[in-house]
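Report on the following structure.
By letter and in written order, the chains are A, B, C, D and E; residue numbering begins at 1 in each of them.
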Amino acid sequence: MIRGVVLGQVWATKRNPRLAGKRLLLVAEVVEDAAGRRRSGRVVVAADDLDARVGDAVVVAFGSGARNAEEACSRDVLSDAAIVQIIDSE
Amino acid sequence: MIRGVVLGQVWATKRNPRLAGKRLLLVAEVVEDAAGRRRSGRVVVAADDLDARVGDAVVVAFGSGARNAEEACSRDVLSDAAIVQIIDSE
Amino acid sequence: MIRGVVLGQVWATKRNPRLAGKRLLLVAEVVEDAAGRRRSGRVVVAADDLDARVGDAVVVAFGSGARNAEEACSRDVLSDAAIVQIIDSE
Amino acid sequence: MIRGVVLGQVWATKRNPRLAGKRLLLVAEVVEDAAGRRRSGRVVVAADDLDARVGDAVVVAFGSGARNAEEACSRDVLSDAAIVQIIDSE
Amino acid sequence: MIRGVVLGQVWATKRNPRLAGKRLLLVAEVVEDAAGRRRSGRVVVAADDLDARVGDAVVVAFGSGARNAEEACSRDVLSDAAIVQIIDSE
């Protein structure tokens, strides 16, 4: 999983039918080195069902972890990234 | 998933038979930092069945997510990346 | 798997119910080249059940490996990264 | 999938028995930005059964996609990367 | 799969019981561009059952490929990276 910050939402009229009804958010990865935290530049598109808002710090899961976020043991979920937690503090 | 922009199509006469009939597009990843958006340089080859055109902003899914874009619960799809959405706005 | 060092813990009230009770740690990846070791800047969020502490050098597994760290053959674990070892020496 | 160029072949006497008889090629990833195309430096080792030659532009699939390149629905293939197409033009 | 060079072994007393008896090695990724080969800085921790030694050039497989290196069709292996070949020449 990675830590990131929500940038906004993606809108589309043309999409795979398996994404119908999904809320997809743009999340900027946050990295951290000796100089402190910063955005890496990398942006992922993640499904959200926690109602995350722009500016929220979140945890994003990938792959089968992301599919399980939507449905237990689901094998037919299209999304490969999902917001699984909104961070309060660290 | 990542956000990208379509660069063009890949043509081949010699390919794995499991790719027969697939339309494969080159998609440039778009990243974003304090200085704004730019192409990262990274290019992925993704299956497309949404008829994306050169210049379109798209969302690309990977791994089993990409296979599910083609067929529900499919376990024998060769492709590991698929265009799942054409972006209207953000 | 990667080698990293524990930075701290992530706290959240709003999280996917499948993460309930999980201890999630921030782990900074450690890379190494001719100039020696350093943190790459990349930070992963990993499940921990070895009671790793801040500053510990750890090994993090990803994907289905991470799910198996929690439960054998588990297919419904949400986490995609787990601390699987605390390093004594190399 | 990624686009790359074949650098050469890897030879080994000591290998996992599941790799016996496999032809493994070194493939350099090709990236592309405003300044044009170039090799990223990243090199992957991919199974090949399309008889790709040094200098060929190829498409490499990863993960379960790569395993499916070898055998439909195969779950016991060791390789995690495979050349699935030799590019004629783009 | 990637090409790398063995840096050393990782020792631990506190580890996930599923790693018991495993030999884990640190492997530095080797990349290659117009200026020649060099270590990228990235280091992976990989299971080894080929008795690779420090300085050996090796091929590392990831994900389910790595699990299959240990046991055919195994679904409960924790490791996500394995040395599958010691390179003689290229």
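Operating definition for what follows: a contact is a pair of C-beta atoms (placed from the backbone, for glycine too) under 8 Å apart; a residue touches a chain by one contact, two chains touch by 3 or more.
Note that this is a predicted model, so its numbers are computed, not measured.
Participant: Touching both chain C and chain D: give me those chains, sorted by label.
Facilitator: Expected: E.
Participant: According to the touch definition, list the chains common to the neighbour sets of chain D and chain E.
Facilitator: Shared contacts of chain D and chain E: no chain.
Participant: Copies chain B, chain D: same or different interface, half of numbers shared as the threshold?
Facilitator: different
Participant: Between chain A and chain E, tell me the centre distance in angstrom, where each centre is the average of that chain's C-alpha atoms.
Facilitator: 30
Participant: As a quick test, compute the distance in whole Å between the mean CA positions of chain A and chain B.
Facilitator: Using C-alpha averages as centres, the distance is 18 Å.
Participant: If I count partner chains per residue in chain A, which residues reach a count of at least 2?
Facilitator: Answer for chain A, listing residues that touch two or more other chains: 40, 63-64, 66.
Participant: Can you list the ring's chains in order, from chain A toward chain B?
Facilitator: Following the ring from chain A in the direction of chain B gives A, B, D, E, C.
Participant: Would you pull the chain B residues touching chain D in the complex into a rising list?
Facilitator: Listed in rising order, the residues of chain B that touch chain D are 7-16, 18-19, 24, 26, 28, 39-46, 63-64, 66-67, 75-81.
Participant: What part of chain D is in contact with chain B in the complex they form?
Facilitator: 1-3, 30-34, 40, 50, 59, 61-66, 68-69, 72-73, 82, 84-90
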